[in-house]
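Naming follows writing order (A, B, C, D, E and F), and every chain is counted from residue 1.
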Amino acid sequence: MAALPQYETLSGNWVSPHVFHIQLNRPDRMNAFNPKMFEEIPQAFEFLNKQEELRAVVLTGNGKHFSSGLDLNEAFQAIMPESDDTARKTIKLYETIKILQHSIDTLNRCRVPVLVGIHGACVGAGINFACSADIRYCTKDVKISIKEVDIGICADIGVLQRLPLQTGNDSLLREITYTGRFVSADEALRLGVVSKVSENQETMIKELIEVAQTIASKSPVAVWTIKQALNHDVNKAVIPNLEYMARVNAAMIQTSDMQESVTSFLTKKKAVFPKL
Amino acid sequence: MAALPQYETLSGNWVSPHVFHIQLNRPDRMNAFNPKMFEEIPQAFEFLNKQEELRAVVLTGNGKHFSSGLDLNEAFQAIMPESDDTARKTIKLYETIKILQHSIDTLNRCRVPVLVGIHGACVGAGINFACSADIRYCTKDVKISIKEVDIGICADIGVLQRLPLQTGNDSLLREITYTGRFVSADEALRLGVVSKVSENQETMIKELIEVAQTIASKSPVAVWTIKQALNHDVNKAVIPNLEYMARVNAAMIQTSDMQESVTSFLTKKKAVFPKL
Amino acid sequence: MAALPQYETLSGNWVSPHVFHIQLNRPDRMNAFNPKMFEEIPQAFEFLNKQEELRAVVLTGNGKHFSSGLDLNEAFQAIMPESDDTARKTIKLYETIKILQHSIDTLNRCRVPVLVGIHGACVGAGINFACSADIRYCTKDVKISIKEVDIGICADIGVLQRLPLQTGNDSLLREITYTGRFVSADEALRLGVVSKVSENQETMIKELIEVAQTIASKSPVAVWTIKQALNHDVNKAVIPNLEYMARVNAAMIQTSDMQESVTSFLTKKKAVFPKL
Amino acid sequence: MAALPQYETLSGNWVSPHVFHIQLNRPDRMNAFNPKMFEEIPQAFEFLNKQEELRAVVLTGNGKHFSSGLDLNEAFQAIMPESDDTARKTIKLYETIKILQHSIDTLNRCRVPVLVGIHGACVGAGINFACSADIRYCTKDVKISIKEVDIGICADIGVLQRLPLQTGNDSLLREITYTGRFVSADEALRLGVVSKVSENQETMIKELIEVAQTIASKSPVAVWTIKQALNHDVNKAVIPNLEYMARVNAAMIQTSDMQESVTSFLTKKKAVFPKL
Amino acid sequence: MAALPQYETLSGNWVSPHVFHIQLNRPDRMNAFNPKMFEEIPQAFEFLNKQEELRAVVLTGNGKHFSSGLDLNEAFQAIMPESDDTARKTIKLYETIKILQHSIDTLNRCRVPVLVGIHGACVGAGINFACSADIRYCTKDVKISIKEVDIGICADIGVLQRLPLQTGNDSLLREITYTGRFVSADEALRLGVVSKVSENQETMIKELIEVAQTIASKSPVAVWTIKQALNHDVNKAVIPNLEYMARVNAAMIQTSDMQESVTSFLTKKKAVFPKL
Amino acid sequence: MAALPQYETLSGNWVSPHVFHIQLNRPDRMNAFNPKMFEEIPQAFEFLNKQEELRAVVLTGNGKHFSSGLDLNEAFQAIMPESDDTARKTIKLYETIKILQHSIDTLNRCRVPVLVGIHGACVGAGINFACSADIRYCTKDVKISIKEVDIGICADIGVLQRLPLQTGNDSLLREITYTGRFVSADEALRLGVVSKVSENQETMIKELIEVAQTIASKSPVAVWTIKQALNHDVNKAVIPNLEYMARVNAAMIQTSDMQESVTSFLTKKKAVFPKL
């Protein structure tokens, strides 16, 4: 059982012969997604996919929160291209969004089931990431938010493409997406985002590892085939939706509303947006 | 902020600089859908879509009920074509159903989110209409029914095409569709038709306006893009389903069971239907 | 009203002029699916589809359980082809899986709504079969399990192809599919597999017959059209998914993990599987 | 090598250990499709599919023509249902069209490639049937016509669903479909309906048998898989198109234009149709 | 038989009781598409669709050319929105492209077959328009060009969405699309864009009217159903492709390459484009 | 303009500031595809995609042939996995096929148009590769063959997934696919595989470079968008077809017919295959 290579933003260890526990590991930055983390996630799972003994992965966040979402300090500059021509900017943004989507989609592509435990804040890129996993538990105190509307954009790396297929209340889903408001553990369960609400982070991890070990005790051929079958159905819709969103947002995130939204957020002043 | 033009079947007013409250306004007819209402709904939203300050719409029913559905007195005669040839009748009915579908789909096409509040009876065309909106709340005393089976036909203007994608219990959905029975507020919440049950009509409207105002405080570019993204996914399935249903029903609603069903309903006598 | 022909594995009778009650009838074998049952199910419904007075079917299991799933004694030998060539074996298995899928899909193709009542154990082929019906009720004491993972394979006759479209919590669905664990009545209701939990088998059958009689009192043209419309939407996804799964499993169920799983199950010893 | 069972409308024999030559065999009726032929086609191919040595089928027409299409004398009465209710009539017609489509689609479902040779007249049901095969040759003197427009209906058993995917000139395809005019061998080759024009029926059969024997000399696993792969792509579009057409025509062929068209055809008088 | 209302850009007359001949009528501007023409095309066909005797339409261009494409003088200013925000500009362009697509798609939506005759230059918007018709003939001297690449953009109003489905040589199609070069009559026939090459404009119109009259002599129910069936298949792909292209081009046609391309075209100087 | 890195199997050079000419470069092995070539193709195009001045690529084969297809000596051993379990073997083969498909699909993913010139033999993997390009020319003496049937398998890396969408004669396509026979230049043109037949390799390369230079003189934004638009339409069908084929062949190429076919090919003895 090989040890995880050293990463800046991730840590992890084997918790049993077939189960690996991996953690988002920027606790001082609330596990915000910076360019490094987008880069290391696919690398780490490429490593894990090669571990022939691996049969299930548990993924949680180190520290007080699962993830505060995109690291506004670091990520924005890396994403925004320089060009005088809108079309060339759009091409570059399209290609960048595809790369971010590919990173976030890593859990979906993982050869074995990925079980995510969410606690504290789970916001923006964080909930996008969690939704590309197989199974989600959360703690009682979780605060989930599809926060993108608050920075003036539409979520384009998975959550809006996946949740309509994963949950059972489109009205509630739209309410939380249009408002960016926090969703409680109970609401998350009712909406169908998580399958169980655990008492706290410790018990949640314990419960997830137990489920992971049950999975690991089954035929790996059977489990691989089941994941392929369930993903086949979902991906028929999700992959075109991700492509569509990348096309649309490549233009839309050039909006000046993003600056206005972020400034408003940082200065706590009410944002004023021009009409459409 | 321009005032809503005068309509026979609709009324409304601005409740804040970016939020418009529109009402089905045939309270003496329980807001039944007559030809005029089908005609005025797209007109009113064409007007609203041109209001550049508009960022969210709240839609409710004036009087004791959201809507009793199709106005049997007025609508039927308008819909049924005269022709000796079944094929020609079918062509005309197909074209008529497409027009009704287009009217009911208005909320889906609205440039901004539409929040519907349902109270009292919400039946047939009423629930079809509500399901083309973004967000649905209802009052505790609501009585929802997909009533079409009781007039001998299959719902063809949206509800059967939308609900399977919006909710999370196909078994329950089929039960209420095959039987036409009333669905309570609690069941509607469990099924996933509404995102919240409000105490009464007054509080429901207040709560919806609050949500609408939250949405109106966000970037209109972001909200527009989110609605486009969510609709893109849904419409890929819904538009072909509506087309399919229009084709099927153009023939099927020529059935004599409709007369038998309506007579039975009006005379309270048990309907007797021939075998298939 | 013609009587049901004599079958080895099924029994049934008219409970009202338009409602037929059919039962899985191998109580001493916990209604396990043997080759005979796969064969008789489409035959029985071909008979029922020709009964012009039929307007709804109630289907339950005779004895203490709805069904324990595939009859391991009888079914396996019948399914596994003899050939030295993997490709030829795969072709034969593909053709066999298509036949089993066709049998299980019988309820979906039935001309009238089928209401299934589940009690006791409802496992493997049993839950696959129930999920091809229109409406599902269960008793308080039901124990549902998508058990295929425990015999080293992925379910390929409907349940994994249907449930993602019928329910509203993908995370929970994956949890029970990867682990094969039992699902309680409450969880089944929350997941969206059933529309109601009945007190016991007797009341469940009574309640289902009542719903069936309500359906039977409606226009058969309307009910036929509604079922066609709802199935049209679902089958667009389900039919390709069944085809896909038949292709995949035609190879995958040749795995030696199946033998190991079954032996482990019978001997209660921990199964040991080679790495992927 | 078992001999073909006796059929009223079909004959055939083995021309080599792996190649079977089957013929439409109603030469005195120009191989018109009567109910018996629709019935015997799937039966004959069910027999052929069970011949384990079979690797290719050549199909031609006995007599002066491949087929004159639907047998107007016999087929119409068998198809048209008796009912006072348009909806019930539509249901029965829908179910009948599905059965005819299933018969015509037999060549597509055949386990091995089917090579069709067309000579003389190939009209209506004849060209529908030929288009469900894998490979088509024709003689120099062939006269192909998608004739349905001349009996007042739209082709609904395959040709309009298949040719747009099989050929490369939509403009020409529409021209011959809207007019019902004859297509020459050269035009058929240019349109892409046939892959070769043979000198006469004798050489055509010889050439087809040669191709069939080449196919029969290849790995049957490879050929089976290639046919599955090519059909998979095509059927994704064709199967929904057939279903759609069955729905539409179940109503449309109730038109009185059919009587007018047939009368006009038989009496050589100009048909007069009412406006739409 | 009502006369065509007066239009600035279109003229036409009845050539027989059921056939209407309509012409693009800006001969001094080579029938270039200006905003007025985009507006009048759907209006004229809305008028024609209401003519109950109409059974086929022939459409040609008045003067020496079918159409030189977009009227660069008039159309551009009308299309380009004013806004400082890329996102808002993109929204407006998206909505404008949808309107232009709707105009060009008019022939596809026409209730009866539309037969287009192309002569002289048929460029850009002209070939987009022709490709939404049912049948295309051209004269020997025709010069067809998918010219959009020469003004720095990708065709987004139909031709790239339709031709891949209508023709049979993807390699040739890409060659003429990437280069914008002229296609001769022979090449057009080989590619599958037209079904016949006529001697000259006069004979072409005569031949098209003959085909139109043959169509008009058939059952209008049959012809309507055939067009619906063929369009159903095509539109399943074309409608999403048009939507996709509108999304992509709403950003891409903001490129500065368009200015450079047009300047180069007008000044005959070689265009110099920055790298991607 | 950076030089192409050194590759074992590929060579190339800039032929103008925006056009690169790349060559398959194993002339002594008839440019057969060995594992190294599959590996280097995506690497070379990753390099080319980063060349900001690149606007078109011309791809031909060095030596007497474009490509003789899979290198039977080297490729087979690399592909065939070792495992006692059919399912595990199938998983590994599936993953290998996906990698080969990804390599062959490189031309489709290239940011700029790729123009392929085919001469001499173009067989198996060679024609698969050529079909993922944008434009294809061939020489008069070309001999194209979809040869896979002759080694006992179905082509699974693109040609069967692409040609049905690119060409216009399904009957001819099936004929050459089932028989593996050679296709002449004229037939290739008629089928729609190539857009032009050139006199010889020298003139073909000259003509392709001319077309490439014309493309390179256009706006790169326009050309990029056109390729994206045309690929979008095609890939909607091709990507699922490739996935499907990878699933099917992961089992089917384990057939013993492959050994029999190859032995027969090498020993010139007639292959004898068991029945299905």
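One rule holds for everything that comes next: a contact is a pair of C-beta atoms (placed from the backbone, for glycine too) under 8 Å apart; a residue touches a chain by one contact, two chains touch by 3 or more.
Just so it is clear, the structure is predicted and the values come from calculations on it, not from any experiment.
*Asks:* If we look at chain B and chain F, which chains touch each of them?
*Replies:* Output, common partners of chain B and chain F: A, C, D, E.
*Asks:* Among A-B, A-F or D-E, which pair gives essentially the same interface as C-D, with more than half of the residue-number contact pairs in common?
*Replies:* Interface equivalent to C-D: A-F.
*Asks:* Where the centres are mean C-alpha positions, what is the separation of chain C from chain F, in Å?
*Replies:* 45
*Asks:* Distance between chain B and chain E based on Cα centroids, please, to the nearest Å.
*Replies:* Whole-Å distance between the two chain centres: 37.
*Asks:* Could you list the positions in chain B whose residues touch two or more of the other chains?
*Replies:* Residues 85, 87-88, 91, 167-169, 192, 221, 224-225, 236, 244, 248, 252, 255, 257, 276.
*Asks:* Just spell out which pairs of chains touch, all of them.
*Replies:* The complete list of chain pairs in contact reads A-B, A-C, A-E, A-F, B-C, B-D, B-E, C-D, C-F, D-E, D-F, E-F.
*Asks:* Which chain F residues qualify as touching chain A in the complex?
*Replies:* So the residues of chain F in touch with chain A come to 85, 87-88, 91, 221, 224-225, 236, 239-240.
*Asks:* Residues of chain A touching chain E in their complex?
*Replies:* Those residues of chain A that touch chain E are 84-91, 244, 247-248, 250-257, 274, 276.
*Asks:* For chain F, which residues count as touching chain E in their complex?
*Replies:* 52-53, 111, 113, 134-136, 165-169, 192-196, 211, 214-215, 217-230, 232-234, 236
*Asks:* In their complex, what parts of chain B are in touch with chain C?
*Replies:* 148-156, 160-161, 164, 167-175, 177-181, 192, 237, 241, 244-245, 248-249, 252, 255, 257-258, 260-261, 270-271, 273, 275-276
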